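In what comes next, chain A is part of two complexes: it sits with chain B in the first one and with chain C in the second one.
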Partner chain A sequence: MEVKKILLTEDEMPRQWYNIAADMPTPLQPPLHPGTGQPIGPEDLAPIFPMNLIEQEVSTERWIDIPEPVLEVLSIWRPAPLVRAYALEKALDTPAKIYYKNESYSPPGSHKPNTAVAQAYFNKIAGTKRITTETGAGQWGSALSFAGAMFGIEIVVWMVKISYQQKPYRRLMMNTWGATCYASPSTQTEAGRKILEKDPDTPGSLGIAISEAVEAAVSDENSKYALGSVLNHVMTHQTIIGLEAQKQFEKVGDYPDIVIGCAGGGSNFAGLSFPFARDKIFGKDIKIIAVEPTSCPTMTRGPFAYDFGDTVQMTPLLPMHTLGHDFIPAPIHAGGLRYHGMAPMVSQLILDGIIEPRAVHQLETFEAGVTFARTEGIIAAPETNHAIAAVIQEAKKAKEEGKEKVILFNMSGHGLVDMAAYDAYFSGKLHDYELPEEEIERALRAIEPLPKPKVAAK
Partner chain B sequence: MTNEKELDKQVLRCPRLGGEVPFSYCRTLQDGMPCDRIIICWELVFDIGAYLQEHYKPAEIQKFLHPKPKDKMTTLLDIIEQAKRNAKKAKKPPE
Partner chain C sequence: MEVKKILLTEDEMPRQWYNIAADMPTPLQPPLHPGTGQPIGPEDLAPIFPMNLIEQEVSTERWIDIPEPVLEVLSIWRPAPLVRAYALEKALDTPAKIYYKNESYSPPGSHKPNTAVAQAYFNKIAGTKRITTETGAGQWGSALSFAGAMFGIEIVVWMVKISYQQKPYRRLMMNTWGATCYASPSTQTEAGRKILEKDPDTPGSLGIAISEAVEAAVSDENSKYALGSVLNHVMTHQTIIGLEAQKQFEKVGDYPDIVIGCAGGGSNFAGLSFPFARDKIFGKDIKIIAVEPTSCPTMTRGPFAYDFGDTVQMTPLLPMHTLGHDFIPAPIHAGGLRYHGMAPMVSQLILDGIIEPRAVHQLETFEAGVTFARTEGIIAAPETNHAIAAVIQEAKKAKEEGKEKVILFNMSGHGLVDMAAYDAYFSGKLHDYELPEEEIERALRAIEPLPKPKVAAK
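Coming up: the complex of A and B.
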């Protein structure tokens, strides 16, 4: 029998995280304080984050030690296997070799506890008694709840009310791990009470949930707040995925030509790709693809805008279709905190030509997910299906070109709590959407006066 | 739109929440006004453009489709300041 899973022992787990800030061709600009215009200092973030995590956020050290207690908890499911997708290769009749890092092995079923565990630990040693956070449908909330249980730290989650009511399973996961989960808006905070006074039946929003979680952290000296995506230290914690994969490839004498991850907030993508991006920065020939939906093409439509990122002080401008010829086409900005916006590190690496963005249609992603489930047996999360769709595209291309490409992707999570999305796909309720060409042209004319991005040639 | 109640019940997956939401959620997300992504998400399901023109003034549409963008850190700092004010208010004895 051929080797399917490439495994590492606990002793072989990476002992340090990789911080790509040390090697980025263009260093990240420090964010500026809106009041003073000066770079944000640790004291500005101290009300919500412990100092040890703030230090990581601004660190440019290449390697950051993973504390032993963090490794012990991670060892519940790590090192995660690197799996050769023989059945998928066969089904696609491709000469490409397809490997995936299976992050669905974690107790909450995704990559998110890689940073949740680290954040819970650093809070614990900083003296934090309680961590607050917000969650949409519960993926991040359940990961942090698991991490809190491992370190005996109280977790309080504000879950957007509409999800709280519609998606009981992740809420129950949080409760099982001992966390308190409130439907947001709640009566627990001034922010929540104010909203409820105005509209008791509001379904809530991520913005309100964030306000409640931050207020709860700021109001109590023993509490801090945690974020599961976008921030630099979150990306760094996730690099254990790619660092393990590099060791696993070494074991079998292979190395990927193409590295693929889906990119929402960017953390699972960063986690797999940053160690390989380092190799690319230092001369390796690797294609690194960040996959997003065509319906929200932040990265792929980016060339029309003057940037993709947040903290580099340039906002994402997205050409959009209009309500008629008399309606001025204008860029869309994702409002609020943009937790589903792209991590500044990922954005900058796109601009530097290290990472290549790609958009795929919704129906193609589910088709890919179903193919994966019927070959490799795993039902992937809808987000992960974006990566699988790009893998299939690349595998087919390898077949056309007759090249034995080595493809690696991040199986960032299972979809067992997301079966409603599969149900919508099977019952024909999902649609593809892409900006029509004429609308793009019209929108392009509208943003002509805006400065153009400096995008490296791909 | 002929059947608004039916429309309100239609469901899509919200890329921000990571779960399914009915249209009624999308059209009330920003303080009772629609989400800025409402067109992108609902375009192929029905004529969302006509719906918006029927229900909102052009100035309102401009406002909710183009919320003033702030970078993540700025927004976070704003929320911290707001939270500090709320916490101070909550500590005051009730009148």
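Coming up: the complex of A and C.
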């Protein structure tokens, strides 16, 4: 019998996160204050984040210690197995060796708790009593709720109303972990009330939900706000994925030629790839591919520019690949990849040639997901299927070229709570979306008046 | 940091299943032909099961080899971790040590694939082209569909119509793994058509679904039928759970005083407990508790009697604890525990004093599940919450008595696809059900004319 899973024991868990800010070929440019256009400092972030997380956000220390209580909670499901996908290789008849990190064993079923647990802990020791956040389909809200339960810290989530109504499962997970979840817009905040007054039947939006969560945090001295992707400290917390993978490859004397992850805000992708990106920065020959949907082609068609992180223009301006903060992607079935921007760290590394972006079509992603389910047995999340589609592309290429490439990808979550998306696929309701150039140009006009980062767009 | 998870490598997986028929203090009594009242032989079962599984069903060999291809598929998620529930212990302030086997890492999220994989394999090598089965809420149907995909064998599932309509997620999992799932009653079978003719709007029942699946199997020479619980070979396949747990306890030099599992048909309970029951038979002092709902008190209030396995009286008569084949349990939210009978092996071991049955109330089970989710982090299936309720009872008792008991239970599945049940609990829609004695007496009248087993009811 061929051994599939390369395991680590809890004792072998990485004790430090990797902060790629220490090794980036071009240093990150600072976020700017939207009013003044000046770089913002830690104190500007203090109303919404605790100082220990702000320090991580701006840190250029290469290694950041993972506190014991964080490791203790992560060890509920970590270290995550590195799995050799023999059955998928066989089905593709490829000389490539395919490995995946299985991040679906966390209680909410995705990689999100890797940072949720860290953020809940650092808030706890900073004295925060309540963390507010927003969530779309609920992956992040459920992950933070789980983390809040583990440290006994109150979690309040504003969930986009249409998802709140149509996707009750993750909301119910939040409740089970003891969190409060409001449909956004809600009557709980000034922002919510204003919008409801104008349009009581609005389906809500992530932008509105962010406004509500931030307002709730800044208007209560015991509350802070948390974000599940995009920011530097979130990327850093996720690097435990890639650091584990490196230890696991060492055990079997292998090393990837190609590293692949799907990217919405960038966190699961960064988590797997940054430790390998470091090796690439120091000379290793690795292809690192960030995969996005063609319907939301932030990295492949959006410029590198300063833009708001949210649609309602409340956040600092971030230097990133963006389609413009008022870009509204088509309603594809991978909610986690429908974001107009990309993490500044990931964006900068694309500019520097360390990371290669790739866009894939929706139907190809579900086809890939079904192939994965019927070979490796696991039903992946629709977001994850984007990574799998690129893996299959690379495995087929390896076959054409007759090369034994080693491919690693992030199985960032299971799809058991996303079966409606598979239903839409099987019943022929899904389509591919190729955005007309005019639509992107139109969307990008929103960022024209904003300051420009030093590095020009590609 | 305290190490929570006791892991085994794939190389350490048990290579044989344990068949408790070899060690039972009282030998199992044979199933009877419903027409003749005579013991049935292997040849009577041949139209619906392949001979290799029939041999396992009637075997009294203590150890049965697990074929390599079965191990290979099981190793997608096995060996399953044995986890020390430190956080739960702390919350209960108990001197008891609590351990659980985490069976939720299988692709469909429960213990069911342990036997589904074995059954799909043995059918495959016996030349079966298509396996038919029935499913209620879909746990078994999805597990068999997964297994079918792994061995390239066609799976057709009849799913109770009301569940088919109201619980689409597991049906969609079946489709994703390539299986066909019909709402039962369907127009695919004579049995289904007859019922639809009389009552086109019937919500269906497990009994009807069984009829359809069996008819489809016997009317096609390339098809066989599969069952997810109750039968001896199913219990045997599940013993990999307990055999792993024994190896894991050996690693940490510990051993359970109390072993607990929930029991509907009996398979997850048997899987964990039978290897420990063997130790008890040979003299170890262990308390082994099978937990059922008070609303379906098969073991605690049903006699040991010969009865049909199904409501439509098509199966052989099985010697078991039963409430009568036409008993209709209240609509509680643990579908897997709403069965009128109990596996003959489990039933006989209750009579012999090896296993102790216990009934718990529904509200207590959800309260236990919420405690588990907020301490250990994992949202368990409603069925599993029955085991957790009994664990908490025993842990509290250990505290009262000041005894450091070692408690082991089976975390038989996660509840991420069962969140509607938690919703009903949180919104106060659930109730406890204590069955009036008359109702049980009424239900038991259905089995009065049937032959009686040699061992009288307790």
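Methods note: the second predicted complex is superposed on the first by the 393 of 458 C-alpha atoms of A that agree within 3 Å, B and C clash if a C-alpha of one lies under 4 Å from a C-alpha of the other, contacts with A are read in each partner's own complex, and residues count from 1 in each chain.
Operating definition for what follows: a residue touches a chain if its C-beta (ideal position, glycine included) is under 8 Å from a C-beta of that chain, and two chains touch if they have at least 3 such contacts.
What you see is a predicted model; the values in this text were computed from it and never measured.
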Report task. In the overlay, answer first, second, both or neither for which of chain B and chain C A:14 touches. Result -> neither
Requested in this report: Pick one for A:429: touches chain B only (first), chain C only (second), both, or neither.
Outcome: first
Report task. Please indicate which partner A:50 is in contact with in the superposed arrangement: first for chain B, second for chain C, both, or neither. Result -> neither
Query - Partner, of chain C and chain B, that touches more residues belonging to chain A - result: B
Query raised in the report: Is A:256 in contact with chain B, with chain C, with both, or with neither (first, second, both, neither)?
Result: neither
Query raised in the report: Of the partners chain B and chain C, which touch A:275 in the superposed model: first, second, both, neither?
Result: neither
Requested in this report: Check whether A:266 is in contact with chain B, with chain C, with both or with neither, and answer first, second, both or neither.
Outcome: neither
Query raised in the report: In the superposed arrangement, does A:374 touch chain B (first), chain C (second), both or neither?
Result: second
Report task. Look at A:173 in the shared chain and tell me whether it touches chain B only, chain C only, both, or neither; answer first, second, both or neither. Result -> second
**Report entry** Common ground on chain A, meaning residues reached by chain C in one complex and by chain B in the other
**Finding:** 420
Requested in this report: Would you mind writing out the residues of chain B in touch with chain A in their complex?
Outcome: 11, 13-21, 24-25, 28-30, 32, 36-37, 39-41, 43-45, 49, 52-53, 58, 61-62, 65-80, 82-84, 86-87, 89-90
Query raised in the report: Taking the complex as given, what residues does chain A use to touch chain B?
Result: 31-34, 40, 44-45, 47-48, 136-139, 160, 162-163, 166-167, 189-191, 199, 202-203, 205-206, 210-211, 214-215, 217-219, 230, 264, 293, 295-296, 310-311, 313, 315-316, 320-324, 327, 330-341, 344, 382-383, 418, 420-421, 424, 429-433
Report summary line: Note: in the complex, chain C contacts chain A through residues 1-5, 7, 9-11, 68, 71-73, 75-76, 87, 105, 107, 109, 146, 149-150, 168-169, 172-173, 175-178, 369-370, 373-374, 376-379, 414, 416-417, 419-420, 422-423, 426
